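Pasting a structure here, questions to come.
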């Protein structure tokens, strides 16, 4: 049992948790949160692969580490876009529901433009 | 060391416990606070995995920028959002979702347990070629030189995301200033914080960029810190967001990828390949690109977090 | 062979750990938000300060020691400002979640 | 010495975990935020100890970043608490 294995299993479980939250929680903001959990789990798996690739001079394989760094930034950008969409949707409809039935009953004039 | 493994197990269990709580807790604000804590714990995990560059990134983004973004979103949505909780999917769907998640997690866990041994690694190649760039930080080398194409395209992805955010503006606010105008109150401790912290933060950000050549750090970490400091000044009302049609803002947005492209085509022109750096000038060239990248990352992330234009720009 | 510096480190770090314990217990046991905030600021400032103080002689050189000190000063300053802000938010009617 | 610092780092982490119960219990948002703040400070202490144990000075930089940005999330909460919630208009238009 090494640190790599422990955190690898942790990453796998975090990815599973995130997947469950993204499907099962009806609230969009919570879906975004869950999605971030999912991506963090995947990043951890990359980290584990990097850690296992350690050779004498380096503490890890730098390629997966670099991929994770770009990944974290892209995940943050995706989160920002999703939150902006959600806030705009909330402003337009006054609700955050994603269910088609509830949206149809929203007053039409509240959707501007 | 056995005590290290015990600490690792505890840390992993803690990460999962906070993760579970973030998923199941009813209140969205509480979930967002949980996410900040989750980001902090992940930072510790990355340190334990000896990936200091990633730990810096996770610390700056996970518990900093994204955490703040989600906290603000949850308070802007307010109580209205709770009512959506009534649409809890049925037991059937939840069971299927749980089953699916368990299967995915189990498959990933199996993959972790049966990773090939010895592990494939590109570290020796990265070490062998480090002299070509003159920089000692292998991660910076990968980001800026060996996989420069990825990094450049990643910046383009950020720009597309920003275009997506801007496109949510109402027609009449197009090109205007994003976000609300926060009022400044000189007696507020927040104003003091926002006056004192950003100068320090910008120094730390530039230090990150500078250190990034030889030690953990780099353009992404530095840019993120600078973005956070700018956002702090905006929230405290000390400065306003610029109109997104501002030419200088747009120039800062494309500075990183543009410089990458110029250098890239320069490499092609000089006869080697796209993005091939002439070895004699590799280090100065990379430093210039990194500087432009820091600027671009800072401006892009900052504008992504403040959201679409909500007001008309100043005449 | 135990040097004076080592003894200093042990004492300071132990004291720091003690303040972290005090802060956590206070955060858990104190009856209302503002008293809990009081407990928290103790841990923030003294706990970390003592840990930093203990580690400073072991840091490799003046620059590293200064960096340690600057981490503490940063936490001290932001902690003070943020505690003020949290206290204000709590006073101005903070809604319960449950 | 390394053993002592290791123990201290474990102890500080354990205490912070104890404090994290407040994130779960609440009841007010300020309480949750405070617990997150404590976690940040404890995490910084653990990182500094870790940096000493493993002799990796760059870990101090991680602590520095946490020290800078931990306040940032709290501020995002406070701005909501102090301004938007108290009925003040967000925008000055």
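When the chains are written out, they are named A, B, C and D in that same order, and each has its own residue count from 1.
We take it that a contact is a pair of C-beta atoms (placed from the backbone, for glycine too) under 8 Å apart; a residue touches a chain by one contact, two chains touch by 3 or more.
The structure displayed is predicted, hence computed values, not measured ones.
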Dominant interface by contact count, named by its two chains: A-B
Interchain centroid distance [CA atoms averaged], subunit A/subunit B, Å: 13
Separation of mean Cα positions, subunit D and subunit B [Å, integer]: 19
Inter-chain centre distance, subunit A versus subunit C - centres from mean C-alpha coordinates, in Å: 32
In subunit C, residues with contacts to at least two other chains: 74, 78, 81-82, 85, 88, 97-98
Residues of subunit B engaged with two or more neighbouring chains: 29-30, 65, 69, 76, 188, 190, 193, 197, 200
Residues of subunit A whose C-beta touches two or more other chains: none
Chain-to-chain touches, reported pairwise for every pair that qualifies: A-B, B-C, B-D, C-D
Contacting residues of subunit B [partner subunit C, same complex]: 26-27, 29-30, 188-190, 192-193, 196-197, 200
Footprint of subunit B on subunit A - complex, ascending: 1-21, 23-30, 32-34, 36-37, 40-41, 43-45, 47-55, 57-63, 65-70, 72-81, 83-88, 90, 94-99, 102, 112-113
Touch list for subunit B against partner subunit A, complex: 4-5, 8-9, 12, 15-16, 19-20, 22-23, 28, 31-32, 35, 38, 42, 45-46, 48-51, 53-54, 57-58, 61-62, 65-66, 69-70, 73-74, 76-77, 80-81, 83-85, 87-89, 93-94, 97-98, 100-102, 104-106, 108-109, 111-113, 115, 119-124, 126-127, 138-139, 141-143, 146-147, 150-151, 154, 157-158, 161-162, 164-165, 168, 170-171, 218, 220, 224, 297, 300-301, 304-305, 307-308
Parts of subunit D lying in touch with subunit B, wherever the complex brings them together: 6, 9-10, 13, 17, 20, 23-24, 26, 29, 32-33, 35-36, 39-40, 43, 46-47, 50, 56, 58-59, 61-62, 64-66, 68-73, 75-80, 82-85, 88, 90-93
Complex contact set, residues of subunit C against subunit B: 74, 77-78, 80-82, 84-85, 88, 97-98
